[in-house]
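Pasting in a structure now, in structure tokens, and then I'll have a few things to ask.
Chain naming follows the written order as A, B, C and D, and within any one chain the residues start at number 1.
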Amino acid sequence: MSFWFTVIRQVGRNLRQTWGSQLMTLFTVTLSVLIFAFFYLIYSNMLHFGDKLGDDLRLIVYLEEEPGPELQQQLRKKIEQFDQVESIRFVSRIDAYERFAEQLGDNRGVLDDMPKDFLPPSIEVIPLKTLSSLNQVKLFSSYLRKLAGATKVQYGQEWVERFYNFTRLISIIVALSGILLIMTTIFMVAYTIRLTILGRQDELELLKLVGATNNYIRTPFFLEGLLQGVLGSTFGIASLYILFQWIQNHFSGPGFLNMFEFSFFSPSVSLAIICVSVLLCTLGSYSTMHKFLRI
Amino acid sequence: MTALGAKPPGMLLPDHCDEDTHNIYRRRFCNQELHHNVTRMNKKSVSRQQEAMIEMIKVSKYYPVNVVALQDVSVSISTGELFFIIGKSGAGKTTLLKLVSSMELPSNGLIEIAGKPTSKLKGVKLARLRQRIGVAYQDFKLLADRTAAENIAISMEVSYKKPQIIRKRVRELLEQLDLTDKHGTITGELSRGEQQRVALARAIANSPTMILVDEPTGNLDAATTERVMNLLHKCNKSGATIVIATHDETIYKNSPHRVMELKHGAVHSLTGGLLI
Amino acid sequence: MSFWFTVIRQVGRNLRQTWGSQLMTLFTVTLSVLIFAFFYLIYSNMLHFGDKLGDDLRLIVYLEEEPGPELQQQLRKKIEQFDQVESIRFVSRIDAYERFAEQLGDNRGVLDDMPKDFLPPSIEVIPLKTLSSLNQVKLFSSYLRKLAGATKVQYGQEWVERFYNFTRLISIIVALSGILLIMTTIFMVAYTIRLTILGRQDELELLKLVGATNNYIRTPFFLEGLLQGVLGSTFGIASLYILFQWIQNHFSGPGFLNMFEFSFFSPSVSLAIICVSVLLCTLGSYSTMHKFLRI
Amino acid sequence: MTALGAKPPGMLLPDHCDEDTHNIYRRRFCNQELHHNVTRMNKKSVSRQQEAMIEMIKVSKYYPVNVVALQDVSVSISTGELFFIIGKSGAGKTTLLKLVSSMELPSNGLIEIAGKPTSKLKGVKLARLRQRIGVAYQDFKLLADRTAAENIAISMEVSYKKPQIIRKRVRELLEQLDLTDKHGTITGELSRGEQQRVALARAIANSPTMILVDEPTGNLDAATTERVMNLLHKCNKSGATIVIATHDETIYKNSPHRVMELKHGAVHSLTGGLLI
């Protein structure tokens, strides 16, 4: 009991006397958590982007002849052999004609005199959303091309390609920035803690010399690390949330963020981030001090 | 000076030292006495029959690149003794005190404190030992951004003394060292002599059983020196073993205590000791 | 002369004796320049992305009647009233028919019996590449819709919208990360310099007390800051260049980076970055020390 | 002790001080003498006709919250004088030296060094003045991670002495202070008394015209104390004004020099001065 009393008094005193550097460390931790969580948020939301962008991806396989029900079954099987797909739809000549007519709108009259089967039949394949790399789409397309009776495969190549490349680029950028930032962050927190402890080395040494036990010396640091971790990460997450809200309010123009539906961390993820940073802070300050105490 | 056991039981202890110093001392060390009595038979200095608080046997200390700070020093300091170490600057006085307080380990030889070899102490046991040794370092080792009172309190806080007891003792000590008005001044703003007294106060605050003082009067005038020495004598009378390293003739010349002179790290002479 | 001799010896000695913290500062500066340049590189290349994405943007205005040469002139004027455009092309009924026939390919035979004017005439407007925001495109489109004789305006709304939104999102992300990082960076460099000088405050104070002039004390710091700025920023830019090369070699899959043609800073921009960071470093260490020297 | 002008021109200067100390001194200060002679007429202590190197008039120094470190101190110290300041711990000795070396500014009163008020000095002029004042601080202010030689060299480097001259002088001083074997030891590893001597060596290395020493023998034994005092006397003989703050009776008791005793920040007595 008198141990904890002394330790807590010690912590209080330290906070009062070294609030400058304590605040610095707190700021560092906050910034680090903010940066980390920010990139994690972008990363986790980028997965959604992928989905959204893949939504409209459909491969259209033009066929020579309209397949009968049996052949349809066979084709379906073959397609599914390559990969699970979201849906397969057979479009007959008539269906294609109707669609075309619809597209012409007011001018559909011009088709009146035409035979209803002048457009080729086709299969519309909507792949699973997991099919996210451009190469896979290409592979799939060339696989479909080789189906018996297929004349041509279309999937809006240009746009799709552009989109996939773009996503890929973005993920590289996010990954690189993330790595850079996390390096910086780790470096910063480690350095700040190191310096805070270095600045009080005289005191630590003296405490050893007057016979303080290791626990007596370490526990206050441990508690300070804990406190800093809790406060820092909470502030970090909180400021990210405020930033997030601000962006959502400020940039949710018509159809903009509805499309890329951004979502914040679930409470449990937030909690996990806080826990991890508390752990890291505590361990960090504990181990740094451990090292310095071996005088 | 008498050995602990022979002390008159009713003797009034001076009020500046805790009344129970004596008892604490007995409780702490009595279990080691047996072991000590057995091992002592093989030692060089068997002549004296008192409990040896500090026992050094052929202790040497070398620092990297050819510095011989101590060379084959053997000495036995009894419990309750007041012992002076003198010698030229660089003779090895401070090094000896550092070895006794186990701030540093000897390169060679054996050091026993109250019958226990210090080289094997570690962790909590070492901390406990240090709590019972008060050291006033030659460079003071004060925390410059804390007040005088806080600096003195540190040595009591580590052994979990109660705040009101600490406060009382600090005020007592400051008064005895003529520093009453410096209670709340940060030590970085004190004069050098005031700092020296604060360092001394910290050393004796926790009523340690052994007090090591390194040049306690280097920055003090004659009057203040006397004040300091009186305080140390009082502590000594209430049972503490005291080792003083000094160059100040006035404090050891006419004293009845033993004086060891070091020269180039070796014992040059060991004189005095009338009362023992 | 003896001044410079003393100062340079001083610098050499400082570098030898405090290489630990000197290295730390150098690392900080390098990392900061790397981070800054990285984001600047992304930002400057993002402008290109915009161009590329806008490349294929064309608005097609369907007309009721084929305009005569005079009317064409009028329309052209009206369109250019809204904004400068890249090009305007009038597509007559016949042109539209030919295109359609071409698109049908092998099946063009089906059109043989049809009147060649069953498709509506149109104007193809390719806007300037500066027309980069979605809103502007929309405004332009609704402006075109109101032209005399226009029935409908098409520009692949869905895809364009998606693209613009995406670019916008990315720029927000880049801007936010950039701000976060530049904050972190400034904080880091300032803190590191501060601490380096704080760690040598004893020495500075002593120098003052033995009668060193301000120049004697400051010049070595000034030179150290200069050296650190030069080395740090050069390393930073160099490592970014290596990173850049690595990405280009590693990710230049077929048509990937050809599309978003990434380019590194021109030598003069690199030099400018180096100069600015040298300036900042020097000023930073000079002013920090200036502050601390007022003892 | 004679004033500078009266010195026999052919007199051999001791080899530990630069031969040109005297001339440097004259060159530096002669342009200020005129002004000084005029202003001195209005001052209190007009009795003595020598050049006053340090002139303090009703100087007080207060520290925040009721600390009176110095109170109305007036004293005039002649060029080439050796002057002792004594007093109890906390009397204000160090404060007085700090004011003279313009490390701190007085709260009240006027301080003139060689006829120039220090309060108006700034920048390069202040730096130049400090180069000509050698101070051995009570807490040494050594750079603990530099060698003894480097520490001593600092005071010469700031006035752009040539490396070979610096090296020679450092070796000379170390020899005279019995520290030859500590040339390359970092000062953090020296004994306290050795540090004190290094601090002193740094103070006199640059052959300053004024030397302020604060408790120069606090950590030194009798023999080393004598060595140090001899060195200071030599410097004094070659023309330097020296002010020593001390509590060590042995070094001022039988000396022919003036001794000022401070008490609670005020001048308590001013005795001695047989030769002047």
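Here is the rule we go by: contacts are C-beta pairs under 8 Å (C-beta built on N, C-alpha and C of every residue); 3 or more make two chains touch, one makes a residue touch a chain.
Listed by chain with UniProt protein names: A, C = Cell division protein FtsX; B, D = Cell division ATP-binding protein FtsE.
This one's a predicted model, so the numbers in the text were calculated from it and none came from an experiment.
Visitor: Going only between touching chains, how few steps reach subunit D from subunit A (Cell division protein FtsX)?
Guide: The least step count works out to 2.
Visitor: Quickly list, by label, the chains bordering both subunit A (Cell division protein FtsX) and subunit C (Cell division protein FtsX).
Guide: Where subunit A (Cell division protein FtsX) and subunit C (Cell division protein FtsX) might share a partner, there is none at all.
Visitor: As a test of understanding: of all chains, whose mean C-alpha position lies farthest from that of subunit A (Cell division protein FtsX)?
Guide: Checked the centroid distances; the maximum from subunit A (Cell division protein FtsX) is D.
Visitor: Distance from the CA centroid of subunit C (Cell division protein FtsX) to that of subunit D, rounded to the nearest Å?
Guide: The answer is 64 Å.
Visitor: Could you tell me the distance, in whole angstrom, between the mean C-alpha positions of subunit B and subunit C (Cell division protein FtsX)?
Guide: Using C-alpha averages as centres, the distance is 70 Å.
Visitor: Between subunit B and subunit D, what is the separation of their C-alpha centroids in Å?
Guide: So the centroids are 36 Å from each other.
Visitor: What's the contact topology between the chains, one of line, ring, star, complete, other?
Guide: Contact pattern: a closed ring, each chain touching exactly two others.
Visitor: If I apply the definition of touch given earlier, which pairs of chains qualify?
Guide: According to the stated criterion, the contacting chain pairs are A-B, A-C, B-D, C-D.
Visitor: Going by the contact rule set out above, which residues of subunit B touch subunit D in the complex?
Guide: Counting only subunit B, the residues touching subunit D are 63, 67, 86-90, 94, 138-139, 185, 189, 191-194, 196-197, 215, 218-224, 247, 249.
Visitor: Sort out for me which residues of subunit B touch subunit A (Cell division protein FtsX) in the complex.
Guide: Touching subunit A (Cell division protein FtsX): residues 101, 103, 123-124, 127-133, 135, 137, 141, 143, 145-146, 154-155, 157-160, 162, 202, 206 of subunit B.
Visitor: Would you tell me which residues of subunit C (Cell division protein FtsX) are touching subunit D in their complex?
Guide: Going by the criterion above, the answer is residues 2-3, 6, 17, 202-203, 205-214, 216.
Visitor: Under the stated contact criterion, what part of subunit C (Cell division protein FtsX) meets subunit A (Cell division protein FtsX) in this complex?
Guide: Interface residues on the subunit C (Cell division protein FtsX) side: 24, 27, 31, 34-35, 38-39, 42, 49, 53, 56, 107, 110-111, 113-115, 118-120, 151, 158-159, 161-162, 165-166, 168-170, 172-174, 176-177, 180-181, 183-185, 187-188, 191-192, 195, 243, 247, 251, 253, 255-256, 259-260.
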